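So, here come the structures, one by one.
The following pair of complexes shares a single chain, chain A, combined with chain B in the former and chain C in the latter.
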Partner chain A sequence: MGAAEPLIVIENLRVEFAQDGQRAIALRGVDISLYKNEVHGLVGESGSGKTITAMSIVGLLPRQALKLLSGSIRYEGRELLSRSEEELRSYRGSKIAMIFQEPAKYLNPAFTVGEQIRETIREHMGLDRSQANARARELLALVGLGNDGRVLAAYPHELSSGMKQRAMIAIAISCNPDFLIADEPTTSLDVTLQAQILKLLRTLKDMKKMGVLFISHDLSVIKEIADRVSVIYAGKIVESTSVTRLFGHPMHPYTRLLLMSIPDARRKGRRLAAIAGQVLDARADPQGCVFAPRCPMARDLCFKESPTFIAHEQDHMSACHFAEEAWKL
Partner chain B sequence: MNLVKYAAKRVLRLIITLFIVSTIIFFVIRVIPGDPALIIGGVDAKPADLEAIRARLGTDRPLSTQYAEFLWSILHLDFGRSMISDEPVTSLILQRFPLTLALAVLGLLIGILIAVPLGVLSAVKRWSGWDYLGLVLSQLGMAIPSFWLGILLLLVLAIRFPIFPLFGVDSGAGLVLPALSLGLARAAILLRHTRASMIEELSKEYIVAARAKGLPETLIRYKHALKNALLPIITIAGIEFGYMLGGAIIVEQVFSLPGLGRLFLYAIYQRDFPLIQGGVVFIAVIFSVVNFVADMLYSIVNPKIRLE
Partner chain C sequence: MEALIQCRNVVKVHRGRGLDGVTRGFKAVDDVSFFIEKSGNFGLVGESGCGKTTLARAILYLDPPTSGKVFFDGVELGGLRPRQLRAFRRRMQIVFQDPHSSLDPRMTVYDSLSEGLINIGMERAARTKKINRLLDLVGISSAQSSRFPHEFSTGQRQRIVIARALTMDPEFLVLDEPVSNLDVSIQAQVINLLLDIKEELKLTYLFISHDINLVAYVCDRIAVMYRGKIVEEASTEELFSNPKNEYTRTLLASVPGGGFGRSGATAADIVRDESIKHTARHVVSDTTSRTGNEPDMREEPR
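Moving on, here comes the complex of A and B:
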């Protein structure tokens, strides 16, 4: 996995925005390397900066509110952050596609599913109407919505929520993107549908050799789909490694505590661990570790000096002064 | 098939509306002070003459008889004759209608053609110079009375620079100024709604999705957002159109146009009962038809709205 060149490299990404006249920090140093044919899970609680990371990649940060401070996002070695809007637009939907949490809101209610697929194809692939239509039909069959053209002519409100998410996936993969960003795509679905959509995404990834950034707050979903995981806390990536290593041998106390908070049948009857304290205030810019105020193993050093995000073991990055001790928690 | 059922339902509703409306207007005009016989005969008329006029008009009979007769005749689409000119009410209305229709259509067109592009521009370039200009213009448009705007238009474009005729509609040019003063007022109202509606739609999630698909911003605005934003615009435009079809009294007065507004106004002055009744029924029908068309447009613009 790590042998090939990464498709997308995000380095030290910092983003801030104005909140009630004060500056608030949305991302305080995000480093992620994303590869083709690999599902990279990005896990963190709400407000930790998952969606902002995703939106930064496709250049869709809300313009007025968010200010990019520093960092770099490279796609196939070329910097994305300095690109013009027009150049970024040619990437979006064709090379990097996105699916979202609530398909009901992210599909336009006034147009048929077919039209919403066709317009994307026509924009990026330069096909004419009938070619685009034929392709849209194939795509719907591919995501399991049949090829009788019924869904093609349907409006979003005529579909069930699982079908809507499949339709959104069809739009996303319509131009054979190299990379797919999936922002909590299963959170609004029930467990059965969730499993089906995860399976579909996995199949499509294998078939198209796509890279996937799978955003979720749910570690059990991440465990099911991801090859590699990055854990984000308060706008900073605190740990990144393969899914087996992360679940087997976490090297950041936050990850360790997150893992302990997953309900587990084998630990039935025991209390679920909750992480004490509150998430770091976005307006704060501590000189020490962002997790130190809630960390059960924090020492003086943790409040004084921010740990660098480095490899502690082969292919296992962590931003903790005491990474080796985290698994003992 | 469904549409036929729907239309039948609407027609039934229209009939009930018409019954209620005509009943109310029948009694209201007879309860308010003013006797058509006195207006026809004049204040100096002798009581005997007045009696004779009342007998001729039929207003001397009991109200219940008059009401029964009124209902019976409108069932046969007969609205009677004007008490003043003795012409059939239907032909009086139909004579005036083409002018009013032309004015209403032009006024609505002008309103939409100004309001929608400016409203979209305002919404897209929010808090920019364009937006403030749009807001100020729409504030002015709503605050300026249409008679004043009409007179101003006449002063400038008919007298100072005689481009358009001062009055009369013998040529189409005569319609321009009245349509403009009607349309500018509609534009003011529609602009506000277009702006608000576009701003709302542009903040929806499907816009983010459209951007993530790499669609050009113009397509996102004019295809994705505008189609959804049209809904409230259609509602307001429909209501405004309905009002204009009932006649634009002030604009007709300023430009001395023989439209429905003045016809109905004089009918009320002269207590011309059949003409008032016919006018009210006519306006109710027009409103129902316009509403029906607006509802049809609704279901085209937003497929979620089913005709039921």
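Moving on, here comes the complex of A and C:
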């Protein structure tokens, strides 16, 4: 895993929007390296910049509101940020595909599932109608929707939400992308369905050796599916390491507190760690650490100087002046 | 122990006329019986659409049950006249999942909390005192009571909804997915708050959630609901250490990251096992242990 060249490298990505005449900072320096055949979890609260990160990779940021986009996103060494819309379109779908939280919103209610899969295949792979049809059938079987063509002829409203998400996944992987971005794909599903979709994503990843960026607010889901995790807070990656290390020995106080705030039946009766205060306002641009105002460990230095995102131990990056002390919290 | 809430064979049928003009019924709650002790903390868990909320609404007589009886503090609610029922309403309240839609956007927090108190004819001074005390209890500064809901974050709004539910000094609170819309760190704040006020005000909870892990953390007893029926009911320890029902086991195994089902087994492992068992019947089924006769696409295609 570690030895190979990363497929996608994001460096110091900064995104700002104009909001009611004011500057809102969505991302304040995101660094992530994404590899093939690896599930990279991106975890953070709502508004922390998870989806903006994903949208930057596929070049789908709302252009009107965008004020600043700096840093770099390289795909196999080539810069994506300077590409034209035309060039990006050939990437999307064929090289990088994406699935979302609410499949119902992204499937067109007026077309059958079959038509929607065929559209993508024909656009990117240049197959004729019958080839596309055969491929669509194959894909539906792959995602567990049967191969008798029943779902192929169904409209989205005829499917349950779990089936819709499977159909979305079928469309996403239809052109054999190297990379799949899954933005909270199981959040609106019941736990039993969630377990099945997670399993399906893992199987597909193993089968196709895809890289996956799995976005979630739920640390337990991340623990279930990811190989590596980045924790994002207020538009900044604060910690990044393997799943085992993150859960075993967190090196950022935010991660540590998040882990302690998950209700666990086995720790019944013990008070949950609640992180005091509110998430940093997007308009604020503090000099020091973004988490300092809510951090129980914060000292003078934390308010004065922003910690750099560096490796504190082998393969364990953290942006905290006192990373070594975080696990004691 | 005395029961505050008792349900006996509660059934709720939703009726509707289809396009063909034929009226059909759908049994959303099917013969449910259980009781909740005074100051108990009772959890109701199950997937979406299994009838959790319908059952809660039937218990509160917001949508009276089609058949069966609900007793509140020993009194059968079905036998009451509307006026008498209203007196009981005061003693039971409900908190919904989405605080955005359960607060009136055009009313200030103070006005929202006043409504019930005005109805019972409380004087302004006493009202203000009470509202300030409740806001303080849920951790909202009383100086903010003249603000509108949009000026608060989701977590704060849910606190306000909880404060509003408490204005009538209820004994029984139904919490219908109260933290499902909240972020993890905020979720923890609200759970802590709910457990604190339960202790302080000696409340009885019916806690509804799809998240068995959360329900287990909060509640002492758990009922597992599946397709309108309660398939298993036990104390939390009992349910986790010795789940008897197949569906309960699937649910426990589906908890991500943990795997309560068997030692060391992850959700994926168990689901795989389950699906092997069921593949013969459910080719395109999404829920592993679906067995009923629901006439939709989820059933086996022939």
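We adopt the following convention: the second predicted complex is superposed on the first by the 327 of 329 C-alpha atoms of A that agree within 3 Å, B and C clash if a C-alpha of one lies under 4 Å from a C-alpha of the other, contacts with A are read in each partner's own complex, and residues count from 1 in each chain.
FYI, contacts are C-beta pairs under 8 Å (C-beta built on N, C-alpha and C of every residue); 3 or more make two chains touch, one makes a residue touch a chain.
Since the structure is predicted, the reported quantities are computational estimates derived from the model, not experimental observations.
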item: Combined model on chain A where chain B meets chain C, clash or fit; value: fit
item: Arrangement angle, chain B at one end, chain C at the other, chain A at the vertex (C-alpha, nearest 10°); value: 70
item: Touched partner set for A:Arg23, first chain B, second chain C, both or neither; value: neither
item: Greater chain A contact set [chain C / chain B]; value: C
item: First (chain B), second (chain C), both or neither touched by A:Arg129; value: neither
item: Touching partner for A:Met98 - first (chain B), second (chain C), both, neither; value: first
item: Which of chain B and chain C A:Glu119 touches, first, second, both or neither; value: first
item: Partner chain in contact with A:Gln278 - chain B first, chain C second, else both or neither; value: second
item: Shortest span in Å between Cα atoms of chain B and of chain C, once chain A is used as the common reference; value: 5
item: Chain B and chain C contact sites that coincide on chain A, given as residue numbers; value: none
item: Chain A contact footprint on chain C (complex, rising order); value: 47-48, 153, 183-189, 191-192, 210-214, 216-218, 236, 240, 250-251, 253-258, 260, 266-268, 270-272, 275, 283-284, 286-289, 296-298, 301
item: In the complex, chain A residues that touch chain B; value: 58, 60, 89-94, 97-98, 100, 102, 105-111, 119-120, 123-124, 155, 157, 168, 171
item: Chain B - residues contacting chain A, complex; value: 204-206, 208-216, 219, 223-224, 227-228, 301-304
item: Touch list for chain A against partner chain C, complex; value: 45-46, 144-146, 148, 150-151, 154, 158-160, 162-163, 166, 190-196, 198-199, 202, 217-225, 257-258, 261-265, 267-268, 271-275, 278
